[in-house]
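For reference, the structure discussed in these notes is given below.
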Amino acid sequence: MEREIIFTGIGGQGIQLIAKILAEAAVEEGQHAMLFAVYGGMMRGGPSESTVVLGEAPIEAPPIIPHCWAILAMHPQGLDEMARKLRPGGLLFANQTLVKEAPRHDVRAIGLPATRIAEQAGNIAGASMVALGAFAASTGIVPFERVVEVMRASLPAHRRQRADENARFLEMGAAHMRPHGAVALMPASAAG
Amino acid sequence: MEREIIFTGIGGQGIQLIAKILAEAAVEEGQHAMLFAVYGGMMRGGPSESTVVLGEAPIEAPPIIPHCWAILAMHPQGLDEMARKLRPGGLLFANQTLVKEAPRHDVRAIGLPATRIAEQAGNIAGASMVALGAFAASTGIVPFERVVEVMRASLPAHRRQRADENARFLEMGAAHMRPHGAVALMPASAAG
Amino acid sequence: MRATVTIDIETCKGCALCVPVCPPAVLSMSEAVNGKGYRYPELVEGCTGCELCAKVCPDYCFEVYREPAGRREARP
Amino acid sequence: MRATVTIDIETCKGCALCVPVCPPAVLSMSEAVNGKGYRYPELVEGCTGCELCAKVCPDYCFEVYREPAGRREARP
Amino acid sequence: MSRRVLMEGSCAMAEGAIQAGCRFYAGYPITPSTEILEYMSARLPQVGGVCMNAESEIEAIGMVWGAAGCGVRSMIASTGQGISLMQESFAELANAQIPIVAVNMGRGQGDYFQSTRGGGHGDYRFIVLAPSTAQEAVSLVQDAFHLADKWRNPVMLMGDFLLAHTSELVEIGTPSEAPLPAKDWATTGAKGRRGLTLSPLGPSEKLSTDIASALAQATDKVAKMRAAEQRVETGYLDDAALVVVAFGFPGRFVKYAVKLARAEGLRVGFVRPISLWPFPAQAVAEAAAKAESIAVFELNGGQMIEDVQLAVLGRVPVQFIGGISHDHSGFGVGPALRVEHILARIKDVYPRAAA
Amino acid sequence: MSRRVLMEGSCAMAEGAIQAGCRFYAGYPITPSTEILEYMSARLPQVGGVCMNAESEIEAIGMVWGAAGCGVRSMIASTGQGISLMQESFAELANAQIPIVAVNMGRGQGDYFQSTRGGGHGDYRFIVLAPSTAQEAVSLVQDAFHLADKWRNPVMLMGDFLLAHTSELVEIGTPSEAPLPAKDWATTGAKGRRGLTLSPLGPSEKLSTDIASALAQATDKVAKMRAAEQRVETGYLDDAALVVVAFGFPGRFVKYAVKLARAEGLRVGFVRPISLWPFPAQAVAEAAAKAESIAVFELNGGQMIEDVQLAVLGRVPVQFIGGISHDHSGFGVGPALRVEHILARIKDVYPRAAA
Amino acid sequence: MNQPLAPTPSMQKVFDKPALLLSTEHSLCPGCGEPVAVRLMLELIAELGVRDRTICVAGIGCYTCFPMLMDIDVMQALHGRAPSVATGAKRVRPDAFIFTLQGDGDMASEGLQEVIHAAARGERFTAIMLNNGVFGETGGHATATTVLGQHTKTTMGGRKAEQHGHPIRMAELLAQMDGAAYVARGAVHTPAAIKTTRQYLHDAFQSQLDDKGFSFVEILTMCPTDWFVPPDKGPGWLEETFKKTFPLGVVKS
Amino acid sequence: MNQPLAPTPSMQKVFDKPALLLSTEHSLCPGCGEPVAVRLMLELIAELGVRDRTICVAGIGCYTCFPMLMDIDVMQALHGRAPSVATGAKRVRPDAFIFTLQGDGDMASEGLQEVIHAAARGERFTAIMLNNGVFGETGGHATATTVLGQHTKTTMGGRKAEQHGHPIRMAELLAQMDGAAYVARGAVHTPAAIKTTRQYLHDAFQSQLDDKGFSFVEILTMCPTDWFVPPDKGPGWLEETFKKTFPLGVVKS
């Protein structure tokens, strides 16, 4: 069975990086993976999107998918349209600091204030790592430690400091989920 | 009836110019004319050739002709091959200073030392004009005066001096032919 | 209040270029973030209307307002 | 004769660049023309083997010959 | 200047362009298109136009882009290598819908694919016209400017070494044109209106972000042009057993050879595509419907023959009697382009049945 | 590095090239080919190779010309505009018979004509290979270097936005190649021999003036390459009523859609040309012989369809189910490239009789 | 908008959004220097009263998002080609006010000879180069103006002279052309630099209006994204590192 | 050969036909300066003993007739592209001795940016430009080095600054590039000029052999045909007119 996860946000949020980390972590776990990155060519700060497909067997479906198992949304831009791809009961995982409400009612909407958390930790840019940590921890789609490993491996030696910071952000995200587990449902209406 | 004249020589001898003058003179006389110039693109000092076709009616034949009525040869280079196009009894008009012998016996071969004449008159470059003057005078294909007119018209006002010089060269050629008329046959063998 | 600026905080991308150039240092970055997820400058009392923030802002967020010279002189 | 040059007159294109550079002025253009229809330089007595004609010739027509220095000194 | 004068094909084409209102030319010398540059640099200033001896073909086409973008009828000419260097600009001029006239004075006819399929990236097309005489060069270059403005699309003229260097009697007048829409897309300074953008990358309306449909405009008209602009000359088709297809100056050789063949009693006809794109598929299909066999003569490895086959779709055999042929200098005229040679090839492929 | 790794198509292609002995790369950034440049600039120095971030595409292809002319396996990549700028060099590299590998990471598939007909001047041809997966990109780029040396002819790989930016598990090893002739044509300094000339304009032997036959060498092999190098993947043809032809990454979408159609009981098959030039006309003709109808899916205005028609020559109807389609940015993937869309189009053209 | 310190009714607006921008929403990165330079050009066009006869010829780079925002006629040129396009335009419309907007990648790399030839010919338009030492739009690759030691995606360990060669100083190079009438280099990393740069642009524009010949202004702009520094560190990096290779000032007038 | 003054058996040949030419029959015009310059290069290659590792990258112009006559490896580049081709060759064969042979049309017009970028990168080959101020091969059209007042087929009344712009001085321009190690300008119109030019070429070649960086020699050559003067007036025209714009000497070393 193939599980498709769509990562969405705007340029500069680090969407592509966290998608890549998740896919590689899955590969390290022996899964098959396909990763498709969409970022406009002559477009700065435009929408950024990435699709990850994971499965036990080689991935047959082409990377542009009609339906998905989960969405990790760092920003509301274009989310409504994207959300239509979620299978009923699918998972909408949102950065609540910017995504104030869930576009659909028939899906499991989980939110955490990733940007707020990162910002309080001193670097807004860490938001995507916070979200990835939370996503991994709450879905268990790949072991949390793998995610950290792969993130570290993805950075050159001299970026050690950055790696440590990222690790902290991932951990914050994971930590944030632990208490409320998968129950941190977000309002499907009225900004919260 | 169409009359084809092939002018041949090497780059720098002024082949293209005299061919053009003859063709335009014919046009001034109310004839139809076609003129095709061949000079290699990336070739300096290479062979230079020009085909003139004259007729009473619009010229139908394409400019690359299988047979010709006359050849005006300023230089022996490639002449043997060219001469094959002459119809039996056709006219081979040669710059005898360089073309020492006629490549065919079944044609009327007329020669004059054009280069020598021009050289003695102080400018080797005038050889082609000498030849043209002689050719026009002896064949009468166009009135000599027309040739001079057209030559003058072809030069910008400020090149008046050059025009006068050319006129002299044309005249020398014509003058040279008058005595022996069309009888100045050249040897078809053994350099003379 | 002699002068002030309006700040289009939703257009702001949080680069903070405006903060250090402000002579009276009346600009500082917010705690909160805007719809794009960026912090934005907040103004406190004391703007002189020098326009520097507006001139360095890559996102054209500022408009600067001043009391007309005349009226200023009019005051004691 | 201390020195001389050979001139490849059939290769010559008659530019006459060699004539003015010859210090003893022993080169002059011919009356006759070669197979290409060009005049060519002709040598008269007095070449010093200075090589200048050869160096300026665009068509590489010259070769220059000289008596070996040794044999010259040997003479009275 | 409307009297008959003896003119080289290239100069006739240049003068024809000027009479059609061409007021800007940029070019870079290359045989055999150089004469057009020489002629333009002497003539254009006399009529208040501008001729630029650009430092390269890419700069030349850029200059033409700028002049044409301001609404001035502009032309460029080159050959082989030079035309290839312009392919990026050609593709994007079509996308920007800027009307220009480009002349390719080819060496052989090897650039047929490049011209008709578009040597640049993407789905654009140039209208491509191939004159066979100096006089036709005049009328087609004048049509070219009209078509370019009519469709807001570049138009190419395909000439060759022979057309460029053959002088013939021509008559050159100022054409009378059907009315054309105003060039409201041209950059003229935004006096009295909102500014506009003239771009190959997107819409001309400011703030519009609908790039896709802007690009579509340029490609959507391809089908319309294909339907509207096919041109062809045909001869002796009624009873022809063999039909020879050839274009450009060589088409004139073929026409003459066909005439000689007829004189010898062979039932041969010819089709001379004048518009290479759109290819006159209709005319070729009709000829094929009546004939027993089709022959294609072109001075290249076999390019137009694909368009002929696409038109004939197997109904009768299509045979290639052309070939690559240059003189030893590499860009003069080769042995294949001789009437007697063509006549011989025609006899080779002439259907036995008909003989 | 022969373990399975998750890699973007562009990087996989680059690593594959290096494993095949590519030691020189020059490029100029342009989406979506930029990743190859980035990868090469990091990797080539590690294996003693050279990567140049050239100042323009024309300079890049010039550098590749120089390196390949010295006998070193060399590669270049670009997209759309950049590839168009290289057309003069491409045509002349073929004339000079210098083997290079060029990658066109196209945006849509609008460059089919340019690649297969040659966007440059003259009669040259590139062998053009179109991978549909990252793994196939690896094996085809490795074949490309072999074919280029084997034929002394440039080889092009046609990729696209999706191939470039899709990461998949790939295995990259060093290919074992059939023996190749020594590169005695390369300029290496004339140690122990007479000097040679490596030129697109004429013969390599000094003093030889036979330009025509030198140029002929380059074009004469076109027929041989056409016969020898056709490659294709086919599926479900035996009982197929409708055969869909598609190439490259979109060919993979079609393959998947065909599988879904089969699941719904439709007798649909597919042909995926792997070599775009030479086009696998044979395979298409055979498929057409059995099927009732052919459909062509390509992301352009209709280009490969001409090769399909030339192969089918009217025996069965050939229908176009592709089209130009980009996202609004102008070079992302457009709506037409969705499996469900393709499936729908297949049903549209599915022969009633067969249904 | 923050209510507390809102302008009082008696106040006058002394600094407004840029003239001639139909929208101020653009897609460039936080802390990018290009929009600051663009504002200066548009202000001057309004100020000089030439808007109605202005044609901007735009190159291709991040700044290419501006043509659709500017309320003036714009011809979008291909990458590197703006100077030739501007030449053609100016030659057929001598009365138009024409300026090119290019980046260092567009002008100094892809199309270097176009601007040099235009300068030599003394074409009467104003060429403007936004110099940030990188191909910003493609994600940060080395250009002909990348300074020694600078990290880019194609000079990972920093630009090395032996391997990658030296940067080109465009202002000094173009000043050498006899057809160039005015040449200067400014920057937008400080209010003071912005002020002088505005003057340079003004003088360049004026020299075009006075038909003096070719005019050129190079403007150093921050590209924090591809300099790999936080947005607020852009001006410092420009001052400390980038500017060292590119001295500011009028080079020719 | 003229018998009377034939060399005596005892004489030694002190000046021979050019080294490394397989034939001295070439197609260039009477009084052309290019063959004179070519002879100097070939002599030096023999003299420096680098023939076996030499690769000449030739541009396209009248001089293009020489590749088929020279007994060294030659890569024929496309018009204007020689510097990039030489770059690729030198980068993969650092031990090769590489020089380009271009004309002013090839280098300063069609391919100007190629050589500038190569110089800036400090590519370790020697670039040679034969400057006659015209496209000779196409029949005499203006190039980027045509001097003011010069008559060509595209500057009929003489080159005018306002209309056709100014000539570019390549030596001075390239000397500005930080990657350029040696730059000089010579001529071949007099024996003295030929002697110094030979020295410039020697020093340029030597700097390549010493791996100093990019080296460049510009050589003014006569083109009587397209200067519209008789062959024997070429040197005078070069001295009186052409040279005025292009001062001879070492510009950088």
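Descriptive notes on the structure:
Letters A, B, C, D, E, F, G and H mark the chains as written, and numbering starts fresh at 1 in each.
In this section, a contact is a pair of C-beta atoms (placed from the backbone, for glycine too) under 8 Å apart; a residue touches a chain by one contact, two chains touch by 3 or more.
Keep in mind it's a predicted model, so treat the numbers as computed, not measured.
The minimum number of touch steps separating subunit C from subunit H is 2. A comparison of the D-H and E-H interfaces places the larger number of contacting C-beta pairs at D-H.
In terms of their C-alpha centroids, the spacing between subunit A and subunit H amounts to 62 Å.
Distance between subunit D and subunit G, defined via averaged C-alpha coordinates, is recorded as 62 Å.
Distance between chain centres (mean CA atoms), subunit C to subunit D: 86 Å. Chain centres here are Cα averages; for subunit A and subunit E they lie 55 Å apart. Annotation for subunit H: residues 28-30, 60, 64, 78, 109, 111-113, 117, 144, 164 touch two or more other chains.
Within subunit F, contacts with two or more other chains are made by residues 31, 55-56, 81, 88, 92, 201-202, 209, 327, 329-330. Under the contact definition stated at the top, the residues of subunit A that touch 2 or more other chains are 42-43, 45-46. For subunit G in complex with subunit H, the residues that touch the partner chain are 109, 111-113, 116-117, 120-123, 144, 161-162, 164-169, 172-173, 176-179. Taken in their complex, subunit A has these residues touching subunit C: 10, 13, 45, 75, 97-98, 115-116, 119, 124, 127. Those residues of subunit G whose C-beta lies close enough to touch subunit C in the complex are 1-2, 5-8, 10-18, 21, 24-26, 28-36, 39, 188, 190-191, 194, 224, 231-232, 234-235.
Of all residues in subunit F, only 80-85, 87-88, 90-92, 106, 108, 110-111, 113-114, 117-123, 201-202, 209-212, 215-216, 219, 222, 300-301, 303, 306, 309-310, 313-315, 324, 326-330, 334 touch subunit E in the complex they form.
On subunit H, the positions that touch subunit F within their shared complex are 20, 22-23, 51-55, 57, 60, 64, 67-78, 81, 83-93, 96-97, 113-114, 117.
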